[in-house]
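Shared between the two complexes below is subunit A, which pairs with subunit B and subunit C, respectively.
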Partner chain A sequence: MASTTEPLPLQASHSGTQRPRPWLEAGWGWRAGAALIAICVAAPVATLVWLAGMGDAGHWSHLIRYVLPEALTNTILLLAGVGVLVASLGTGAAWLVTAYTFPTSRILSWALLLPLAVPTYIVAFAYLDVLHPIGPVQSLIRNLLGYASPRDFRLPDLRSMTGAIFLLGFVLYPYVYLSTRVMFATQAANLIEAGRILGLSSRGVFLRVALPLARPAIIVGLSLALLETLNDIGASEFLGVQTLTVSIYSTWITRSDLAGAAQIALAMLGLVVVLIMAERRGRRRQRYSNTQRMRPMQARRLEGGPALLAMALGWLPIVVGFVVPVMYLASETAKHLHLTGGVSEQLWQSGLNTVRISLLATIVVVLCGLIVTWAARGARPGRPARIAGLCARASTMGYALPGTVLAIALLTPINGLDHALSWLRQSLTGMSPGLILMGSSTALIAAYTIRFLAISIGSLESGLARIPPSLEQASRLLGESPTGTFRRVHLPLLRPAIGASALLVFVDTMKELPATLLLRPVNFDTLATWLYAEAARGTYEEGAVAALAIVLAGLLPVILLARHQLKSGH
Partner chain B sequence: MQPLLSVSHISLAYDTPEGRQEIVTDFSMALEKGHIGCLLGASGCGKTTILRAIAGFEPLQAGEIRLGTALLSSSGFLVEPEHRNVGMMFQDYALFPHLTVEKNIAFGLRRRDRREQEHRVRQLLELVGLETVAKRYPHELSGGQQQRVALARALAPEPDLLLLDEPFSNLDIDTRERLAFEVRDILKETGHTALLVTHNQAEAFAIADRIGVMRHGAIVQWDTPYGLHNHPANEFVADFVRREALMAQRAQAYLRGEGS
Partner chain C sequence: MHVKPSRMTLLRAFAAAGLTFLAAGANATEVNLYTTREPKLIQPLLDDFTQDTGIKVNTVFIKDGLLERVKAEGEKSPADVLMAVDIGNLVDLVQGGVTQAVSSKTLEDVIPANLRDPEGQWYALSLRDRIAYVAKDLDINTLTYESFADPKWKGKVCIRSGQHPYNTGLISAMIAHDGLEATEKWLRGVKANLARKAAGGDRDVARDILGGICDVGIANAYYVGHMKNAQPGTDARKWGDAIKVIRPTFQNGKSRGTHVNISGASVAKHAPHKAEAIQLLEYLVSEKAQSKYANANYEYPVRAGVKLDPVVASFGPLVVDPLPLAEIAKNRKLASQLVDKVGFDN
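Coming up: the complex of A and B.
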C-alpha cells in the first residue's frame, strides 16, 4: 500500500494499486504438519553430528590416519576431474546449439539431455563390459591391428580414477548443459551483439562475453552434478575408486562400525555444505542478471566442413553417455531373453518391489510436499511467515544429502524407535514381534521422502504461485471452508504440478541405489540393488535387463524436461 | 431505520517488515438495505482494505462491522468469510479456470439439492444473458462475459450484501459504461444491497445511490451523486469530482479521435 499521507495523485492511476495480500492462513493442523515434516527432515543431520561425537577418540585417530586421507583425496580428485569435464562438456554443448545452426542442431538441443536417464552406476556397469579386454571394442581393435590375444595389446584399464572421471562426466554434463543453455538462449543476445560490434571474433565473444555471463549458471549446474558425484556409490566401487561414499558403506557393512561411518559421513557433509553454498551463490547471481530484457540470440548458420565438425562434437557426448550404454544393454537383454526365454523369478520380484516401493514413496513425498507448501502460503508476515519459511527450507534440505550419509543418519533413530516399539509390544502383549520398522520398508520410505521432498516442494510451490489469491477468497465467500477450498479449487488446478512431481519422484526412487543398499530389509531387492549385486559378483547375467528397465523409466522425466525446454525455447 | 451494513470506528493496519503500518483509522459508514453504495478515491486511500475487512479477509484493530444486527468483525473477533453470507465480485473476476460457466455459478450452491441448483443456475444465466455459453470455460469468454459470470456467481447463493472491487477496471471504456448500467439494473431488479469500490468517478456516478469520496482512509463526503456534484462539501471533493469529469471528457474525446 502506498503511504496514505502522500498528496493525491493527479491521475488516479490503476496500476499504482498493489495487490492486496491474501491473509488467508492455513489452519493450525496444516502448520503443525509442516513443522513435523521439517523436524523429521532435519533430525537425521542432528543425529549424525551427535553420533560422530559418540565414537571414542581412538576411532577418530584410526580414521584420520588410515581411512580419511585416501578417501578424501580420492573424492576431491574425482570431484575436480568430473567438475572440469562436466563444465567443459556442458557449456561447450550449450554454446554449440545456441550460437550455431547446422544439420540436426534442433534435435541435439534436446537429445543432449538423454544421458540424464542413465544413472552413474549403470554407465559404469555397461562400460566395464563393453571395454573389457575380451569385450567387443578391444577385440575389434585387436583384429584391426592384427594382434592375437589380450596379452599382446590392451587399452588402459577402465578401473581407475581416470575411467571414473570419464564415465561420470559423460552422464552428468546435462546438469551444466541445462542451466547454461537456458542462460545463453534468453540472456546473451544483446551483450553478444555488442561484443560483435566492438570487433570481437566469435571465439572472443565466447571467451570474453558469453563465458563470464554464464558463470553463475555453470556453477549452479556444476554443483548439482558434483552432488550427484558425491552421492554415487556404484560407479566408484565398480571402478575401484575408494571414495568417501564407498568408505562409509564398507565401514558400516563390513566392519559394523556405525560411529566410524558417521564420522566419515560428517566429513562428507562438509563437502556438501561447500557445494550448496556455491549453488546458492550462483542462483542469486543468476537472478541479478535476469533483470535484463530477454531476447534469444541469432544463431549463425554453419555449412560444409564446420557443420560436420559441429555435428561430430555435438553428438559425441550423447553417443558416449547414452547411445553406447543403451545399445549394449538392449543387445545384452535381447541375447539373454533369447537364450533363457524369460527372466528369473527373483528379477520379477525385484521389479515388483521397485514399482511398489517407488509408488508408495511417491505418494508420501507428494502428500508431504502438499502439506508443506500449503502451510507456507498465506502465512501472515512477521513471525508466522518466518516460521513457515523455515519449515519449507528445512524440508528441502535433503536433496543435498548423499544417500549413504542419509542412511547412516537414519539408522540410529529408526533402530531406537524400533526397539522402543518392540519393547512396548512385548510388555503389552507378551509377544516379541521383532523389529518392525527395519524389517518393513519404513526406513526406506523415510529416506526417499527426505531425499526427494525438495522435488515435489519445488514443483508444487511454483504451481501454487500461479494460482491467484482471489480464487481462494472467492471460494471462501461462496461458503466453502479452507479445506474445501483446497479440495475444490487448488487440488484440481495443481494437478499438472502434482503429476510432474510424482513422475520425477517415482523415477528418482526407482534409480536410487546408495540409501537403498543400506536401509533395505533383508532379502529385499530393487532393480538397482539387484544390478549392484550382479556387478559385485561379476556375474552380469540379468543385470542388463534390470539396467535397461531403469534407463527406460528414466527416459520419462527427460522427455518431460525436453518438451518443457522446447516450449520455453520458442 | 436500522442500516443493513454498519461499519463503526474501524482501524486497519498491516504488519510489514518495517513494523505496523496504519491504513485506515477510525472509519465509519452505513448502508441501507437495497441501496448501492460506493467508496470513491484514488489508489492507496484504503478503500480496498475496507472492502476486504467487510469480506472477512482483514482483522480489525479497533471498531466493529455489523450486518443487520449480527456482529461480523471487531477487534480480536472475526466471522470467517464463508459464514458471512457476503458476496464479492473481484477485480480479476477470480473465475475458476477449471470449471465451466455453469459450474462456476453453482460453486456456492453445494448445500442445495441438484434440482434446486440447476434451477438457480438457469435463472442466473438468464438474468445476465449468458444462456448460450453455459458449457464454456472462462478463458473462452470475452472480458464482458467473464464479468457477468462473476456477477452471477456472486449472486447465486443470495448474499445479504454484495461487494464489488473495481469491477470494471479490466474492460475497455465503452463496455465499461454499458456494463455499469447493466449491473445497476440487475442489482436494482433483484433488490440487492451492494458496496462498490472504485477510483473511477464515471463508474461511481453510473451505479451508486450513495457515494463516499475518500481521502487518507476517511470519508470526506457521503452523499448522492447529485449532492456531490452540486454541493461539494469542500475544495477537495469539488476538485476531485471536477478533475475526474474533465479527464473522462478528454479521454472520450481522444478515443473519438478529436484530441491529440
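Coming up: the complex of A and C.
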C-alpha cells in the first residue's frame, strides 16, 4: 500500500527542490517550548532505559526460546490483519462517500466515525456475549436450523486471531476514514476531475489518483490504528491473543520482573520508531500542498442496484463497529435498570470526573501539539529547525508505548518532581505538604498529554502541510512578524485540524484506562476505571451501564468531529 | 524578544491547566487504602468501620503497579494499608520494601499462623479456594487437579490464562507437590485438553459450560456464590445454575487438601496513620466483617466459626492444602515460565 508513486503534477510544482527560506523557521521561544515538551515525553522513556538497565539479560534465553517467536508472529499477524482491514475499510468508505452520492450517503459521511466512541475492550466484551453459543446470534441460528442445544451445533469460537483482527479492524478504521476523508474532500477535486477528463475509469481515478494522493493521510490514520492495536491489552486478553504487549505484562506482573518488561517494551518501541522513520523517509521528497482553492470534488449520483450496494457497503462497518455493540450494551443496561431501578451516585460522579479531566487534558494536549508542530515546521537536515523536527518526533513516542508501561515509567519522574515541589514548599512556607501532583489529577493530565500528544501532532502536522508556504512568505513580505503570521494566517487556517485533533484527543482520553488506573488520586474514578472495577469483580451487568456511558459520552464529540469534518469538506 | 499576546495566552492556559485540582491537606481521622482488590465489594465493610470508629477510609483501586506506585511515592506516600488478592502480590510488596511489620494480638489470635507472615508483614483476610466447575449433569463427584490432564477430557476443559496469578498460584502448588517435571507434563496434558483459548475470566468457565464449549473447568469458588445467588433470570444466574462444584485435591499422599489463595493486607512502610491502619485490619477480621466476607463476597473467612453462605456451605467443608503459602509464592516464577514453555496460552 505504501507504493512509491510518481510525483503528481501538483507535487512537482512545489517539490523538494525548493528549500524553505530561513524566515520560515520558528523563533527560539517556540523551539525552547518544543524542546521542553519533548523532554517531558522522553522522561518516561529515559526511566524505561534506566529500569531496563537494572535487570540482567538472563531471562532473554527463556523469552527467545519460548515466548518471543510466538508473540512476535502473533503481533505481526494481528498488525498486518488489522492494518489491511482498517486501511481498506477506512479508505474505501471515505472514497465511497466522497465520490458518490446515494441515499443516506450524507448521513453515512458522519456516521462512519461512530465506532470511534467505542473502546476496543468494550467491543471485545460485547461481541464475546453476542456471538457466544448461548448469545442471541447463535441461539437464533440454532432455532432456524432446528438444533436444541449448543452441544449439537456451534460456530467457531471468537477467541482467536481472526476474531481479534475482525473486532479491532471494525472499531479502529475511523482513524483512517477521518484522515482520508478530509484529504479526499479538500484536496483531490482538481486532480480527480482532470483524471476523469483524461479518460480514467472510476477505478482508475481511485487507484491512480486518489489513492496515491491519500497516502500520507492513510499513513497518519493507519499509524494511530496500528499503535492502538499494538498496545492493546484489554481486547487481546479477552480474546486470548498472545501479543508482545501481553508478554510484557506477564514478564512484569507474573514474574515480577519489571526490568525485563522494560527491556521488551524498549525493543518494541525501537521497532516502532524504525518503522515510522522508514515511512517518513519514503515520502520525504513528496509535498502535498495545494495552492488552489479548496473545494469538494463533484460526486457521482448512484441509483438502483449500485446505490443499494453502496449503501450496504457503507453501513456495514457502522453496524459491526457501533450499532451491534451499542444495542447490546443498551439492552444489558435496560435489564440492569429494570432490576435495580437506577444508577449509582458514583457513576454520575465518575462521568463528571471523566468529562472534566478529559477537557483539561485536551486543552493541554492541543496547546503542546501546536507548539511542537509550529516549532518544527520547515525542519530540514542541516538547519536549526531540525532539532525542533527531532523534538516533534520525540514528542510522539508516548503513543508508541503500552498505556501501563507508560504509566509505570511516569511514576519515577512525576514523583521526583512531586518531591522537589514538596521540598520547595516546605522550605518556603515551613509546612510539610503531601504529594501535590500524585495527590491531585495533575499527574493524570501529564500522563494523558504524553500519551496522546502524537494524535494532535499528527493531525496538526498534516493540517500545516496543507497550508502552502507561499502564504507565509507573502505574509512575511508584507511585514507581519512570525508570531503574527502564525496568529493571523495559520491559526485560522488550522482551525479544522485543531478541532479535529481536540475531539480525537478528548475521546481517547475518555476511554483511557491503564494510566488512569495507576496514577489517579484516592477516591477518584472515571467511567473507564469504574467499568474496569465492575469487570474486575465480575459483575458485568453493571459494567454494561458504565460501558454505555463511555460510549454515550464519546458520542457527542464524535458527532461534532464528524460535522466539523463535513463542514470543512464543503 | 518581547512576549506576544498569543504566547502569553498559551503560557497562561498551561499554568491554569497545571494548577487546577490541587489536593487538600491530610486529615487526622482517615486511613488511605491502596488496593489491587476492587473495593466496592468490601465497601460495606469499610462503611461499617467508618461508622463504628469515625475513621474515614479513602480508597484507590490499582490493578497493576501498586508496588511501583508506593515505591515511587516514597516516604511521602499517603498509603496506609496495602491490600492484594494474591499471595505472590503480597510477597512482592514485602520484598519491594514498602510494607512494615506490625504486631497485634487480635490479628495473631484470629488468623492462623500459616495464613500470616511470621514477622507480621502481611495478614490474610479471606481464603479463595480454586475449584472445579463441572457441567451439572456430569456424573462425577471427585476430581484431582492432576486429572485435568487426563485425555478423557480432551476438548472439554476451560480455564483462564495460565499467566493469571490465580493459575500460577495453582501451578506453583503443583510444582511443590509433584515436582517441576511432572508439573510440566501435567500442564501439557491440560493444554491438550483445552476446549478454547486459555483466556477471559473465571466466570467465563461457567458461561462456556452452559454454552456447551466445555464440560469441566478450574476457577475460584466465590464466583459460584455470586452466580448462584444472582437474581433469577439474569445471565449470571443461568451460568451458575449450569454448573456444580467439586473441590479437587492433589493426588499425592501428603496432601488431601484443596489449593487456596488469599486476599490479604499489609501496613505500608511510611503509613501516616499507622494506628488507624492496624485498627482497620483488626476490624476486617472481626466477627462482623468476616461474616460479610462470607455472605456478601462468598469468600472463605480466615476466622474460625463464622457462618457461611448457604451456597458456599453446600460445597462441603473446605480442607485447605497444608502447603505453606510462602512455598507457593516462591515457585511462582517457575510456574510462569512453565506456562510459557508449554505454550499454554497460545
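The criterion applied here is as follows: the second predicted complex is superposed on the first by the 331 of 570 C-alpha atoms of A that agree within 3 Å, B and C clash if a C-alpha of one lies under 4 Å from a C-alpha of the other, contacts with A are read in each partner's own complex, and residues count from 1 in each chain.
Basically, contacts are C-beta pairs under 8 Å (C-beta built on N, C-alpha and C of every residue); 3 or more make two chains touch, one makes a residue touch a chain.
Please read these numbers as outputs of a predicted model, since none were measured by experiment.
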For A:A474, is the partner it touches subunit B (first), subunit C (second), both, or none of the two (neither)?
first
What is the contact status of A:S459 with respect to subunit B (first) and subunit C (second): first, second, both, or neither?
neither
After the superposition on A, what does A:L258 contact: first (subunit B), second (subunit C), both or neither?
second
If you tally the residues of subunit A touched by each partner, is the higher count for subunit B or for subunit C?
C
Looking at A:L493, would you say it contacts subunit B, subunit C, both, or neither? Reply first, second, both or neither.
first
Footprint overlap on subunit A, where subunit B in one structure and subunit C in the other make contact
481
Enumerate the contact residues on subunit C facing subunit A in the complex.
1, 3-4, 6-7, 10, 13-14, 17-23, 25-26, 32-33, 38-41, 58-65, 68-69, 71-74, 76-78, 88, 92, 161, 163-165, 168, 196-203, 207-208, 210-213, 223, 226, 231, 234-236, 238, 332-333, 336-337, 339-341, 343, 345-346
Mind pulling up the subunit A residues that touch subunit B in the complex?
1-6, 8-14, 16-17, 20-24, 380-382, 468, 470-471, 473-481, 488-489, 492-493
Spell out the part of subunit A that touches subunit C in their complex, as residue ranges.
27-29, 62, 65-67, 70, 128, 132-134, 149-152, 154, 157, 159-160, 237-240, 242, 246, 249-250, 252-258, 335, 339, 360, 363-364, 367, 370-371, 404, 407-408, 411-412, 414-415, 418-419, 422, 433-436, 438-442, 445, 481, 483-484, 486-487, 491, 514, 517-524, 529, 532-533, 535-541
Note: in the complex, subunit B contacts subunit A through residues 14-17, 21-23, 41-46, 48-49, 52, 55-59, 80-84, 86-88, 90-92, 94, 96-98, 107-108, 110-111, 153-154, 156-157, 159, 166, 169, 199-200, 215-217, 236, 240, 243-244, 247
